[in-house]
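The structure's right below; bear with me while I get my questions together.
Think of it as A, B, C, D and E in the order they're written, each chain with its own count starting at 1.
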Amino acid sequence: MPDQQNPLRDMAAWLWPWAVWAVLLLVLTLIFSQISPAMARITTDTLIRLVIVTGLYIFVGNSGILSFGHGAFLIVAAYASAWVTIPVAMKGVILPGLPEMLRGIQISPLGGLVAGVVLAAVLGLLAGIPLMRLSGIAASIATFAFFIVISVIYNNWTDWTKGTASLVGLPTWVGPWAALAAALTALLIAWAFQNSRAGLLLRASREDLVAAHGAGIRVMRLRLLAFVLSAAVAGAGGVLLGHNNGALTTANNVYLNLSFIVIAMLVVGGIRSMSGVVVGTLVLSVLAEIFRRFETGVDIGGVMLQIPGGTREVLLGLCMLLALILRPDGLSRGREIRVPGILRGTRPGAKTKKEEALP
Amino acid sequence: MTPHLQIEDVSVTYGAVRALNRLSIHAAKGETVALIGPNGAGKSSLLLAIAGVVPLRSGAVRLEGRDLAGQEPEQRVGLGISLVPETRDVFKKLSTHENLLIGASRRRLTRAQMQADADRIYALFPRLAERHNHMAGFLSGGEQQMLAIGRALMAEPGLLMLDEPSLGLAPVVTDAVYAAIATLRDQGTTILLVEQNAARAFSVCDRAYLMQAGQVIEEGSAETLSARGSVESVLFGRSAPAKELRP
Amino acid sequence: MTHILTATGVTVRFGGLTVIDDVDLELRPSEILGLIGPNGAGKTTFVNVLSGFQKPQTGTIRIGDTDISATLPDERVRRGLVRTFQAVRLFPALTVAENLLAAGFAMGQSRRAAKAEIATLAALLDLDGWLNTEARALPYGVERRAGIARAMMAGPAFIMLDEPAAGMNHEEAMAFLSVMDAIRARGCGILLIEHNMDIVFRLCDRVQVLRSGKVLAAGTPDEIRNHALVREAYLGSAAA
Amino acid sequence: MTLLQMLIDAASVGGLYALTAIGIGLIFGVIGLVNFAYGEYIMVGAYVLLLSAGLYWPFAIGAVLVFVVLFALASDFLVFRQVRRAPPETLMIVSFGLSFMIQHIWVVMFGSLTKTVNFLPAINRSVEIAGLRIAGVSLLQIAATVVLTTVLALFIKYTRIGYQMRAVSENPRMARLVGVNSNWVIAVAFAISAVLAVTVTVLFVAQTGSMTPFFGVSLTMIGFVATVIGGMGSLPGCALGGFLVGAVTTILQMVLPPHLQPFREAFVFTSVILMLLVRPQGLIAVRSAWERV
Amino acid sequence: DDTPIVIGVASGQTGTLEPWDKGAARGAELAVDDINAAGGLLGRPVELVIRDTKSDPSLGPTAALEVLDAGSEMVLVACDYDFGAPAALTAISQGKIAMSSCAADAKFGVQGVGPLAYTQALATNGQGALLAEFAAEQPGWDKVYIMQDTAIEYTKSLCANFRKRWVDLKGEDSILGEDTWNGLNDNAIAGQISRIKSDGADANFIVWCGFTNNGAMMRQLRSAGVDLPVLASESMDGSHWIEAVPDLSDFYIAVYASIWGNDPDPKIAAFMTRFQEKFGEPARMGHVVTGYTAVEAWARAVEKVGSLDTTAIQTALDGFTGEPLLTGPSTYTPDLHINLTSPMLMMKVTNGKYEPIGRRAAEKVSPPEF
């Protein structure tokens, strides 16, 4: 019977695209983290990047505004977590300028994560209120300016951040599994948001801002919501980054470079789907790793293959260009994984039901 | 004698949607041919295919016997094909006057000749003359429609394709446009006219095709078609999306 | 009491060009008011003023006794004043159903209520077969109807339709008359901009004619049809 | 130090940015492409200058001109033409990927270390006029900016290819439908932007004598910021934006107390945000930046 | 047992730090050659495994893990605290010694990385003091103008330490002015130059704490007609930028070693000759010797304790007092793993020619504060 309601099946159908990626990521993590400590680390790095790309996607994919500013949330969240998780004894030496209240405490890694995420979200809110009024390239440039402001402040706020110097002493609790958990959570958040009411409305405004106003959509509020959510998720990525490296620095544009890599991953994968996020991150990360290996030399059937130093980036850039030329809408072409027929059944909106409703 | 325009077995698809299905039509030199059909019949797709902006999946478009395959849209303009698209597509950031001038891109004209041609358009649409220095994006809907028509006329085409030229025009202006179409016809321009208002189209055309679901279902002179009453039956049918290639 | 949409003393200038010159207008519930006039007369601009997309130099817009002159477009929609666009402007990458759903969500409708409303409107506007088509792939005539449906999703008290019948053939236009009647039956006031005089004269309770930003004439369809100036400046052969 | 000297210094720092911004603004505002690889046109030019440093200087500049124009045309032909119809964010990342790739090809060829060349030291000398000091290069930068902005603005406004360029950028499909050869028109725009890039190269190398494969990046970034705050689609706006960014930077450098000086960029970019909030369409907004409903 | 002992290099073989880190890796290669020529370490051959961090701090741990995977007993990391710390942290978390070739920030050591981290640099405390003492000796150098790049910690700390020692020697009033720029962003410094010309009109010399883009800055300074002597330190070493400045003169710099074939220390001069022979080009910066010393110091400690036991090696390193190494006598203590007083070579540049003045060490160095 077409009209039969089956909440469990609907739920499964709703979750399906996410679940497929979750299983895939789980299997990949399982395999790669076992190979060697270095490989486990590369796996962790990739998953953390996936968290960050997902964070960026929540805003960019739904609002259509390209943000160059998400690096700021990484910085802010990572340092916040550092302030509360570096062991008290070390903090006394490393950050004597920190206020007594922070210097005297040391909370659990999870607490640090929460602190980081909350601060990123708050900053997202404060920055978002003015920035979300802008659209198009002006908005993108403004987010870029916002990033520079935050990064310069953290780069010189010596008492709290150690300025251009590295901040060390962050407990290194992040491994492949923690990163995987974070990545799956982030993807689920992104998935839930894009399928929510707010998600649909925001995507509508991305398509045509004037028409969105004409349909009564409160665009600024929705953008702000997405911006804050996206800041929080990206912030989580920042926290993981810090606790994976055990050290933080804002010097030498590390976060700026990271921001561009992350945007490239998103666009190569396809800016308009969650699947694009996963595909883009995985493909570029894997390619980067393969080329890196070739640079240090790979033994293939007794022949030592080595590409000259520095060509890794050239090849990576070339692959990026080819991908974009062949698939301008991203590798995923903005599509999601198809829900199999048995799960789809006849959900509201499907054709058959509509036709029956005809007079 | 080879017809001026010959469409043979043309199919056009958008992804899985088939907009034109092995459709053939022709137009003799100096003939005015109307295309009539319900929403989604594929009329606009056909004009775009002739202009070269949507690719053919099969079949051929011939102009004076010559297959246009591989000719870029701008080259087709050079061959005398000119289109007034239904979306108008005036260049919003160019002034009204610049929009007219750009219509003559393929003709090697002196400034004076160009101005003279533009003045003829202004005479046809006095409203545009009043707005000649306006950014086209600021024009009203009807003014933009006049501009789109004027821009196409600036190319002095041998084959003019008009996609719903009366769209958004005030009744008096529609009269003017149809008078202009009649003049062009008399001057020997081949015209392909898509029009929702069948009676209006029949008033100027020599021949008409009735289209439905990407195919021609009837052909004939205005009188025969309206006599047969097939127009009403076609147009009054409910519109539905074109059939998908795959289920 | 029933609320009336009133605009008083609206003037719009662009640089030195006066596009609307001190125009008043009143629209009652369940009324169809035709706004006609030559191309460039200022009809669309006037709708832009009413819907909040264009700030007038002078003039006030009221719904009942509430002055809404200072509100933003989306706010006006939530107050029951919606419009369609002359250039339609659907959300191109969304399907027709999603276009309508978005409009329902924007008004805070539940998914269920919105879906029911979509079904009703689709039947009314002959969109059934098109609901799962992306808006960018629609033929022009369907696009226009989808635009009207999207506006109707808001359950408006007043709707302003900018050339809704453009791109419809004669038969469709006649079918469209019943759509207008259905909308009117919901208690909705309609401001109709249209160049198809068949529709205007058959449908409207009153007609107001703009020329060069000024009200040239106002009255019943019959009065307008026989108004000498209107015939000459606007109607041409359509006056017949 | 007098206020006047301060303004002159501000203008000389802004000169280079202004010059960069009009090159970016031409492609960005007129063709509608956010071209990150613009900085690389400047960069590769510098290396040609390095290799041709032995030549009599007009020949050296000629060599750069030929190379960079061909280089820009090649980048259009091989890359940008392939993605003409892609969505804007894709175009942006394509140009970014291209820029990244060129930089690293140059790293492989020349190393990432700074290379130096003593090119035209004469024009780098300062001139003193009534007690005010200004470097010769800065004078040239300012002059070049003013002249090139004017010439280009007139070119785009009044020539046939000028309005064809604007048409192509707005609606490439329709432009072809009226018979504009869009590939040709875009190629011309790339060639012009390459000429602008060469101007930047020559003056930059004369000023700093140094280059790395990465020096184009920061110039491009500032160029974009300048273009957007100045007003997209308006070349004088781009130039103004460039001067402003340079001027704000220099003036802040001089008025900020020492302990705040490291935060200078934070102040500069906060003012960028403020300017955008106040005038989202840029300082010199062209009318066409607004869309009527 | 003749399985090789592996020494890992995880630093920026390409990217911003290439001139420093690639040089250091090559220096380390020469040290390995020497050890192997002398019969190896503990009777075993020594081997170098190099992984590039691309000068990206976040790639440091990966590179470090890879060289550790390859069996490294010691890891040589980048020539800078910010770039080197992440790789070093990874190495010491696996219980291995991490050596930086030339991170000059005293935090690179017990306090900022951990007790297993060492650096071969002379701390900025020493560098700054050395510059101040040198300047104070020059006839007529009474008034100074200080220019500081704000891009990295090293330059800030260098200027601060110069200032401290200089004020000690000449008093606060002898500083006529201070200004900054950002080497990573600024291309033009017209404003700063105008200020030197007005505020610094009476200065006798300028202290220039620069990091990158030195050629551009000096070119503008000189062509604006500022001919004052300029005093700088190791980060501005190198042959790569001077051509930008026509006939650079009155430029004084403290370096680890002369790359111009005229180092007064015959050991170093010989080293540079060998370097040129092995790699077919002269070293680009004096820092190559610190790469050599890093291996030398670690191997010396290993020989002393006769085992590869990390704790033992650590104790041996901590016991270095005036240990003669290629770069000069080297001293570590259990809580300071950087040299404070080792010597550097002062050089003077006239018409683009580098002439050695002589090696010197600072007399009075204020100990680092953490």
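As a working rule, a residue touches a chain if its C-beta (ideal position, glycine included) is under 8 Å from a C-beta of that chain, and two chains touch if they have at least 3 such contacts.
The shown structure was predicted, so the numbers you read here are calculated from the model rather than taken from an experiment.
The minimum number of touch steps linking subunit B to subunit E comes to 2.
Among the remaining chains, those touching subunit A as well as subunit D are C, E. Shared contacts of subunit C and subunit E, meaning chains that touch the two of them, come down to A, D.
Relative to subunit A, the chain whose mean Cα position lies farthest away is B.
Set against the Cα centre of subunit C, the chain with the most distant centre is E.
Subunit C and subunit D have centres, each the mean of its CA atoms, that are 47 Å apart. Rounded to whole angstrom, the centroid-to-centroid distance between subunit B and subunit D, based on C-alpha atoms, equals 43 Å.
Annotation: 36 Å between the Cα-based centres of subunit D and subunit E. Subunit A has residues 156, 210, 309-310 in contact with two or more other chains. Residue positions of subunit E with contacts to 2 or more other chains are 14, 16, 150, 184. Looking at subunit C, one finds that residues 44, 53, 85 touch two or more other chains.
The set of touching chain pairs reads A-C, A-D, A-E, B-C, B-D, C-D, D-E, using the touch definition from the header.
Across the interface of their complex, subunit A is touched by residues 51, 53, 72-74, 77-78, 82-83, 85, 89-94, 97-99, 101-103, 105-107, 111, 115, 119, 122-123, 128, 131-132, 150-151, 153-154 of subunit C. On the subunit A side of its complex with subunit E, the touching residues are 36-38, 41-42, 45, 93-94, 96, 156, 163-166, 168, 172, 241, 244-247, 249, 251-254, 257-258, 295-296, 309-310. Contact residues on subunit A toward subunit C in their complex (touch as defined above): 197, 200-201, 203-204, 207-208, 210-219, 272, 348-349, 351, 354-355, 357-359. In the complex of the two chains, the subunit B residues touching subunit D come out as 51, 53, 72-74, 77-78, 82-83, 85, 89, 91-94, 98, 101-103, 105-106, 135, 137-138, 151-152, 155. Note for the complex: subunit C touches subunit D at residues 44, 48, 53-54, 85.
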